[in-house]
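One structure, pasted below without further comment.
Letters A, B, C and D name the chains as they come in the text, with residue numbers starting at 1 for each one.
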Amino acid sequence: MLAESLALTAALFVIGVIGVLIHRNAIIIFMCVELMLTAVNLTFVAFSRFYGTAGQVFVVFVMTVSAAEAAVGLAIIIAIFRHRQTIDLKDINLLKG
Amino acid sequence: MLLQTAVSAASQAHPLSGTIAEWVWLLPILPLAGFVINGLLSLAGAHFGPTDPTAAEHEHHSEGAADASAISHAGHGADGDDQHAVKRHRWAGVVSVVGPGVLILSFLLALGIWQAMASAQPAAPFIQRYFSWMPVGDLHIDAAFQLDQLSMLMILVITGVGALIHVFSVGYMRDDPGYPRYFSYLNLFVFFMLVLVLGANYPVLFVGWEGVGLCSYLLIGFWFNDKANADAGKKAFIVNRIGDFGLLVAMFMLFANIGVLDFIGVSAKALDLGAGSALVTTICLFMFLGCTGKSAQIPLYIWLPDAMAGPTPVSALIHAATMVTAGVYLIARSSFLFSLSPVASLTVAVVGAVTAIFAATIGLKQWDIKKVLAYSTISQLGYMFVGVGVGAYVSGMFHLVTHAFFKALLFLGSGSVIHAMHAAYHRTHSNEDAQDMRNMGGLRRYLPVTCVLMWIATLAISGIPPLSGFMSKDEILGSVFARAQGSTLASATWLGIPGSTLLYIIYAIGLAAAFLTAVYMTRMMLYTFHGPARTGTEEEEALHEAPWIMTGPLVVLGILTVFGGWLNLPEVITGIIPLGPRELLAHWLDPVVGDATTRIAAGAAQVPASTEQALIGAAVVIAVAGIVFAMTRLKPDRLPRKRDAVPEHGFEGVVAHKYYVDEGIERTIVEPTYAVSRSFLWRVIDNGLIDGFFVNGSAALARGLGWVGSRLQTGNVGIYAWVLVVGVLVMLGAFTLR
Amino acid sequence: MASFLDSIGYNLWVLPALLAIPLVGAVIVLMLPVREPAATAAGVETPAARQVALWLFVLEFVVSIGLWWSFNPADTGWQAPIDIGWIPTWGVRFTLGVDGIALMMVLLTTFIMPLSVLGSWTTIRTKVRSYYALLLILTTGMLGVFLARDLFLFYVMWEVMLVPMYFIIGVWGGERRIYASLKFFIYTMLPSLLMLVAIIYLGLHMKGADGTPDFSYDRLLTGAVGMPERTALWLFAAFFLAFAVKVPIFPFHTWLPDAHVEAPTAGSVILAGIMLKMGTFGFLRFALPLFPGAAMNPTIRMIILILALIGIIYGALVAMVQPDFKKLVAYSSVSHLGFVMLGIFALTLQSVQGALMVMINHGISTGALFLLVGIMYERRHSRLIDSYGGIARVAPMFAAILTFVSLSSIGLPGTNGFVGEFLVLIGSFRTYPVLTIIATTGVIFAAVYLLWAIQRILFNPLDKAENEHLTDLNKRELAMLVPLVAAIIWLGVYPAPVLRRMEGSAQLLVNRVERAGSLPRVSEAGR
Amino acid sequence: MEPHYSLIYVFHFYLFGVIALASALTFVTRKSPVTAALWLVNTMFSLAALYVMLDAQFVGVMQVLVYAGAIMVVFLFVVMLLNLGHPSELADARGTGWKLAAGLIGLGLLSEIMVIARTKLPQQLIVPRDFNEQQFQKLNAVGMIAEPLFKDYLLAFELTSVLLLVAITGAVVLGRGRAAGAR
């Protein structure tokens, strides 16, 4: 089932990417990022059948990181929203050089 | 101490060692000491002189009641370099002793050395090595002096005539504020000139060669606050530099091919270059380029007329008697090279002849008394080059010596005239030109001594026997004729012309130039001293003969002019009239140039005495004809004054404007060089292409790329995401397609 | 003298001392208590700094002058050598040594520096301590470049030299100082980095059995010769660029006029007098002996020679039309350094020795010219030639010295300028006669531009009211110019001692490059 | 290489796979964050099932707990907190051109990943076929993960905990806003 898993991973990942590209809502973009991370997890798990349980350990790490990321990211969104009353990426251009 | 040890080591068995000749180093050192003393006095006087600005202001406006410095350009209100122009320089007394004093001492020493030399009769040059100047590998250049008959002759002329001119200057420059500076330059000049003639190798000669150029530059521009003078000095230096370039290249070629640069070594190895080879011809031609610069021959003669901007004694010493003859000296010195190359020798002769006639024609139409003499000098130098060019080195040197006498006399005489004229115009506060002959006339009444002496010199330069000029000029023409009859020159071809034909043409040109010389010199004398006075009635009262300190040297030079010919009485004359011992100079110089002369004259047929006498007769007739022609055709009493003069037209105008050579060079070389340098090289290439395009262009490119990059930074995170994804796509694509 | 020097162990400590004195001195100068300009007599902030700096430089000169006697001309190896470990893991050693080529450069440096302090005596009024501290650090850098026998050390010193000069131009310079200093820095830094790459490559190329790189110059001399020709070519190109910009060779010269014009007087003096020599010194020390095959490649050699030739003529022509006297002198440097390059790449004993002489002479004459420009500028606040005219009348001593120095720059025989140019040309003529003849015309142009300039400054009518009360040189200015004038005469009349000291090293260089440079050609012919 | 799978296993595998894919597609096309979040939860659940099927029972449980249970809930909290649930405010998707371009980029990316996924696996890393089986027997489902986690990857684990701590602190600081800090 490795090939199928990998194909599914690729599809989910790409869907995540497309989501990031087409959305302007910061929260949805975040969700898309989560989807991409999860897709990668599937790869780890699929490969762990052949390469041992280390892959699953990495999944744990990835989850931790994504949890941390979600926490901080959402906190930032809240802070921005407080500041500018929007989470539309079009209106958030503070990084302008 | 260094000098003494070196001296004793270097000279062992030479007949002159142990004699007074060992003191030869003192010859140039004396004038050098004079330069240092006078120079320091000049600066000291300037530095500690009165610095009260109001006083300076006042003097500036009053133009200095007795400002003799304005002599050579009356009415331009020129003044010296110092603020207290009214009084003589505070150190003038000391300078008057030191300046001429060192020269007189030098001359006495030279006489002593000459005495020793005459009794020792050395066959080989006496070489004194003092220290190693540029020792690099196989290049050995010593600071060494070489004393032989040729340099001895030059030393006597330089110190002798030099001392006379120094004494004259004491009177002439008496009231100039730059008095110490003047003498320091003049002493420095003599130092360099002595180095030039004493140098035992080409580089040491070159030190003197450029050094005299420097002094010429400084002295031409002595009254530097007048732009014309400064320009003239600069022009002299730069034109000389072009010539020096030739001399340098000649030295390089000598070193590259025979590995030595001292005269003894080169003369020993000269044959290795191959007689008549292209190499030796090239070397000689480059060397001759140097001579044309220093000795004002075509094409580099243009600086000498302008050089008349300097004080008149300077013109006498540097631009007539000594420095300008350095080129002749160099060719005589390098006779071992020139005699190997008939082509180069013929070139020298041709250039000399063409210069002689060319300058003589210009001399016909000059109004400035010093300009006439300047062109006359160029013309006479042409004669000398004809002499050394045809391998008659003795004749060339002989003419050099006699020319030093009579031309110095003429220049100093003109100095005396100008001195008088200037004083006269100064008294009446007139702005007339004190050097223009159209403002003179009838001066013989006021300047009788000067007039007589200048007439003697004029007759000498015109070639009237038995004056010195006749002897030397005739000898050159006779040599040309003899060489044409048969010699290595006659059998060579020059640019396709057979040598003998060429020599006959040169002889003809020489005769023609002699005629013109007689004409323009007589013209100068007539307009200056005869006819009615055009000076103006008020001024005439002020005209007076120069003081004894100026006329004294004139008289000495007059005597030398008359009897200078006895130095080398030709056989033809002694055969008819037993005036004295014959060909003294030829015997004297034989150890130096004898071999070279023999080499060039190889295969010469003896010219019959009758032919020689006929030639002499022809020359005298031509000279007399010239004088008579000028006397009959020129009407001094009808000459308008300068301010009433109408400009000449047609060919006369062209001649009066010196064939527009200066203007031509200015238009075709000088101005285009400046224009190209400024508008193209500097503005376009340097500022535009290299700095603007490449250097600042690359900076602008970097800045531009940075600007483009900064435009990508919209600050919109969405766009960043797009960029990121596209980047990932590209990179993964690169992996995929690998 | 030599025995006295031996008795104090001179050779053992002189080179480190030469590098250490300025560094310690910089610290001392920086620690001086500040005095406000208003509180001092001359209106100069902390005047003690300049005095301390002057005496330090005099001390440095006194220490260095012993080398003149302790140096043994017969010995072509390193003298007074120092070899201490520095960064062992990179194989970098702190090795110093002096040979005939470096000796004169070191003495030139220590000779010029005190004079340049005198030259900035009254013109530097602000941040005085930093200024003199930078001058001192700069000295260490320059001497380090001349003395280093380790390529890494050499590079470090090379960059140490760059930074103080950047600040000297950028802080105490003229109106466009920021532009000039940036240009100077980037222009010289960029190819220096290429050189760093080449140096690292060489170090790795020479690495020992344990894998430690080796930057030792002496080892590279033998080791680098066997390098493949293409590699050597690339490495030579890197070194060439770094040195060519420093020289500067046409067309890499445009930083020079800007830097010179904007730099304060002492900056110009040091830049022209010493730092330009770094490039030519680099060619002599590194680029030629390390890559003789590449340097003596006929095509490359011809290209460099032609660039040198263009520099001679072009520099002179452009100098001729400069309205700014300082810029004129700057462009004249391009011309003079062209002679040096010609001499180096013509590669005969005479031409190389001549090139070394020109380097020394240019340092002295051009240094003096810049000091004189500084004196003019201090009085009238203008460098434009047209602002002057006829000032020989009011400032005769200034005029005498300016004329004399110009003549030495023109190459009048009897002055130092002639000896160098003559030797370069006479030596080059042996290998490249036609090019040399063209180069010799440079002596004409030199006369044209300098004489024209000094005519317009010193001579001609005194027609500007501001110039009528110019003061002549004062004692301090005389004190800084007289040594230079004396050096000009000495080197012009009796250069033999200098030539003798350089001859061994120059001969060694010529032999080494000729021998190694001819190897590939011989083998090609063999094939 | 791969073990033989029963039909029912394959069927279920494909079933959950299709559900995950479909939910993900739906998720990405929703404009309302709440709807999107719920569809995403659905994807997560399907993936958890797949994990279990791939013998990663612990990870499957974690997936449900952490993703579906914790992270997505936080998302929804934020949406509610900011009151962003109304579709009227969510006309946020980009224009058709952008969408088309995104689709194309997605296709390109997909094809690239598929190509890369065909790379041969490094054989020397492969563990024996029954390795996981034995681990499972020996250590049970949790121990199978815990052993390497607390032995081989202990440092990484500790660092992760620090990361979480930092994240929590950061979230708290950001979430409090300027209120306490500035005033």
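In the analysis below, contacts are C-beta pairs under 8 Å (C-beta built on N, C-alpha and C of every residue); 3 or more make two chains touch, one makes a residue touch a chain.
Everything numeric here is computed off the predicted structure, so don't read it as measured data.
Think of each touching pair as a link: the shortest run of links from chain A to chain C has 2 of them. Ranked by how far their CA centres sit from the centre of chain A, the chains are topped by B.
The central chain of the assembly on a C-alpha centroid basis is C. Per-chain CA centroids place chain B at a distance of 38 Å from chain C. Note: centroid distance chain B to chain D, computed from Cα atoms, is 101 Å. Chain A and chain D have CA centres that are 8 Å apart. Put simply, the C-alpha centre of chain A and that of chain B have 95 angstrom between them. In chain C, no residue touches at least two other chains.
The set of chain A residues that touch two or more partner chains comprises 17, 21, 24. Along chain B, residues 718, 725 each make contact with two or more other chains. Each chain pair that touches appears in this list: A-B, A-D, B-C, B-D. Listing the residues of chain D that touch chain B in their complex gives 94, 105, 108-109, 112-113, 115-116. Partner chain D is touched in their complex by these residues of chain A: 1-8, 10-19, 21-25, 27-28, 30-32, 34-35, 38, 41-42, 45-46, 48-54, 56-57, 59-61, 63-72, 74-79, 81-82, 87-88. Across the complex, chain B meets chain A through its residues 710, 713-718, 720-722, 725. Residue ranges of chain B in contact with chain D, taken from their complex: 718, 725-726, 728-729, 732-733, 735-736. Within the complex formed with chain C, the residues of chain B that make contact are 39, 42-43, 46-47, 53, 56, 80-83, 131-139, 143, 203, 206-207, 209-211, 214, 217, 221, 224-227, 229-231, 233-234, 237-238, 241-242, 244-245, 248-249, 251-253, 255-256, 673-674, 676-678, 681-682, 685-686, 690-691, 694-695, 699.
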